[in-house]
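One chain, chain A, appears in both complexes that follow, with chain B as partner in the first and chain C in the second.
Coming up: the complex of A and B.
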């Protein structure tokens, strides 16, 4: 019984929690842009990619300087602030050069979506040109917090539980960032102004909120979210420009499922997508093996959907939500 | 078409002739053929976006379905695989269709009653178990049949040209289903939904090996035009080539490409004429009215949702035809080659740059952007090579820059899109 729970925790719950944390951070980035600037930002995946690239170069630079006082944590954590700063600069420049014109011309949202596709292509091309298409690993430090062998020895169970340090980093950094974000939105003056602006632009403008300030702070938040989620995802898995482009889809799914424009929805959507992706494609045979008497255990893998369709799961949820409840689980802004 | 529009087309022609002279005619002809297919794709998107204002970013999925049509129609059947599990797979799919239909029935019939949701779940679980019971062993059996060479069911061994309309029909049928689900969402939700659905379609083609061989690809698909080797061996061709004074091997390859080109031009001309007539008909005017103001059109008694579905299906059928043509031209079906950047977003750039709402513009965008997509790489390489000449040939910066030139095309395409949107939002040839 306990063994079954450990297997489940090891292969489903912990990976889904860390993956879900990253999806939630990504979805928050998308949802903030949607709430404040009112378009679906197709460039977010590649923004994360460029941010991660900056973090990787910083990590290499720090490593070459021999800075490793945060061992056993990976050096990349030190690089995140630099990457975040770089990304803030990048996004503000892009906003000034590209998006501002359409905002002032009061272009329809769909034009902004097409514009963001252009930005996506440029960022994607840049990350391919600068760091190349290959996989980059930049993890250093201790791999495991709890390794399977140690856990078995300690608990005397048949199944081991392994917790990777990167998984914990992902969860902890996501929770910290989310807590800060909600503090910012609920308690600070700028955060309140931002929510007011998202809620009703004209009313906000009438009460003297400066739109440029709102937009700037929105991009700053998005840049920090992109830098943290991108870097931590790269630490946990691997960095590759194309993978980050593909991340756009589950991120969108999470944001839409939760309700575009709703931060709470984005977080829940992220975890929902992660748990269903991993849960539906996991082979439950080993869990069943611990729960059922041996003669009852079926021959098959007890896998609902083959892992090939991991991506398809999130899209199916996305389509189902769009059909049944187009505003998402938490009423976001639709139509 | 105004005088300036003609200049654009002449410019395109000159660019291609330039490639023929400076690179080779073989390269130029290959480029023309793919540019023609791109023009057809962008005509399809022009129907959806230019006429109807539908934001479809799922083009890739329909193109891939067109490619599947070529496999299903023209590949030779694998008898052994059919015996091993063909009928079982088909019956499993039949069960799946019944289950979906049945669950809709259960849902409609019993939802008001007490156990509506429970009975639906029970029904679906039973259907799923039955489906997997039929499907899994059959797929294993099929994929075990000579896996290195076949391992799939094969097709019907019919003439490959038949696959072009079939590809259109297949894509249209898929669009019909998808449209019922996705249309009616606001534009950016529609974009996300279609992007997702296209990914799912391609994932299916990539992993259902019994149908498409998956990542093992289907190669050696039949052709509608003669093979180079046959041409080289026929006497009349050798005489003809020597009269023209061209090397036999090159002549044969050029001839094959010219044959393809003629076929592609015929299809393009056909679709273009139909589009042009549709655009200038009452139907076309109605579509543009709906695009410009849905509410007003709906007040005037137009069934907006139905028209949107119609235009979504028509445009997707064009994508399917183009997809089938592309697979025929390649002679192989490679599911993993379908990537949204190349098959969806590039087509969007073509339509936006060319001029959405104008068929001439769409064709121009298709030709021009395809030329740039292919030529940005060599041009970028030459530029970097020239600029870094002073550096040592093995200097790391120079090597890195030369390696990175291949990816310059994404940056350039994004830049084109942004520049056109900013300074000429109506495109090179605006809507009349």
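Coming up: the complex of A and C.
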């Protein structure tokens, strides 16, 4: 019984929590742009990619200098602030050169979506040209906080529980960022103005809120979210431009499930997608082996769908939500 | 001296003018009411006064200063606030946050202004932590007025403040508007409820197709047979 719970925690709950945290951060980035700038930002996955690329170069530079005082934590954590700054700069330049033009021309949202696809292609091309299409590993430091062997020895159970340091980093950094984001939106003057602007743009203008200031703050938040989620994802898994491009699907699914424009929805959506993706593609045979008498355990893997189809999970949820409840779980602004 | 003098305004949203040589004035602590049939350009006048549409010609003087070329935000700082007809509150913000946004351009602490507004609209004080989207129609309208008052404006532009409200609530909102005026704020109000509005008007303007048709005090217009037959239903 306990063994079954440990297996479940080890292979489903903990991975889904850390993956879900990163999806939630990604979905928050998408939903913020949707709420404030009123378009679905297809470039977000590749923004994360470029941000991670900056973090990787910075990590390598720090490693070459021999800076390792944060052991056993990975050096990349030190690189995140630099990457975030770089990403802020990048997004503000893109906004100035690209989006502002369409905003001033009062272009319809669909135009901005297509423009963001263009930005996505450019960023994707940039990351492939600069760092290359191959996988990059930049993790260093201690791999495990709890290793399977130690856990077995300590608990005396047959199954081991392994908690990777990157999983904890993912969860902790996501929760910290989310807490700050909600503090910012609920308590600060600029945050309230941002919510007001998202709620009713014309009335915000009548109240004297300057759109440019709101737009700039929005991109800054998005850049920090992208730098943290991208870098930590790369630490936990691996960095590869194409993987980040593919992340766009679960991130969008999370944002849409929660309700476009709703931050709380984006977070719940992130975890929902992560648990669905991992839960549906996990082979539960080992869990069943601990719960059922040996003769009852089926021969099959008890896996609903192959891991090759994990993208189909997000896609199906996305389509189902759009068909059945287009405003998402938390009524976003889609209506 | 007039607080606001608009002379010979012409302009509209694109090629076609909606306003034609339209003029109006309002004094401090007085109510100017604009009435007229649908499509007369009533709401367009309000938007023109706040600078939300471009004028082809004409001049707007506010407190002796020519503001014709100023941006809407500059006019807000000078003391002109507007309550649009629809979507005039932030439904996803609390009542209190709506008021804070109303005072966004204020640098000083806003607690004094907020207490003043709460004493004028006690119901809002009770609901200060509620989402504005949960308020009833009449309460929403009060909140919309309250938000506009947070900047301590000298001139308040009200676009059909009683549209869609029940008769009892209309009386309540009109009562509040009178109180606001009594406190020294000038009001320019567009109204479909011509009768009720002209009753409290110091000066009334009947617009037809973007032109001044009749001008006079509220009681003059109410007793003018032409106005009665054409616009007040006899």
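Following the convention adopted for this analysis, the second predicted complex is superposed on the first by the 334 of 335 C-alpha atoms of A that agree within 3 Å, B and C clash if a C-alpha of one lies under 4 Å from a C-alpha of the other, contacts with A are read in each partner's own complex, and residues count from 1 in each chain.
Just so we're on the same page, a residue touches a chain if its C-beta (ideal position, glycine included) is under 8 Å from a C-beta of that chain, and two chains touch if they have at least 3 such contacts.
Given the structure is predicted, the values throughout are model-derived calculations rather than measurements.
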_Clash or fit (per the criteria above) of chain B with chain C on chain A_ = fit
*Should A:193 be classified as contacting the first partner (chain B), the second (chain C), both, or neither?*
second
*Looking at chain A, does chain B or chain C touch a larger number of its residues?*
B
*First (chain B), second (chain C), both or neither: which does A:157 touch?*
neither
*Looking at the overlay, does A:207 come into contact with chain B only (first), chain C only (second), both, or neither?*
second
*Determine, under the contact definition given at the top, whether A:85 touches first (chain B), second (chain C), both, or neither.*
neither
*Regarding the shared-chain residue A:280, is it in contact with chain B (first), chain C (second), both, or neither?*
neither
*asked:* Contact-wise, after the overlay, does A:39 reach chain B, chain C, both or neither (first, second, both, neither)?
replied: first
*asked:* Contact-wise, after the overlay, does A:309 reach chain B, chain C, both or neither (first, second, both, neither)?
replied: first
*asked:* With both complexes superposed on chain A, which partner does A:5 reach: first (chain B), second (chain C), both or neither?
replied: neither
*Superposition-derived minimum Cα distance between chain C and chain B (Å)*: 19
_For a test of understanding, state which residues of chain B touch chain A in their complex under the given definition._
55, 136, 181-182, 185-189, 191-193, 195-197, 199-200, 203-204, 206-207, 341, 345, 348, 352, 403-404, 407-415, 417-418, 421-422, 425
*Could you please specify the touching residues of chain C with respect to chain A in the complex?*
50, 72-73, 76-77, 81-82, 84, 87-93, 97, 100-102, 104-105, 147, 151
*In the complex with chain C, residue positions of chain A that touch it*: 189, 192-193, 195-196, 198-200, 202-210
_Residues on chain A engaged by chain B in the complex (per definition of touch)_ = 39-40, 98, 101, 109-111, 113-115, 117-126, 128-130, 132-133, 245, 249, 252-253, 256, 260, 300, 306, 308-309, 311-312, 314-316, 318-319, 322-323, 326, 334-335
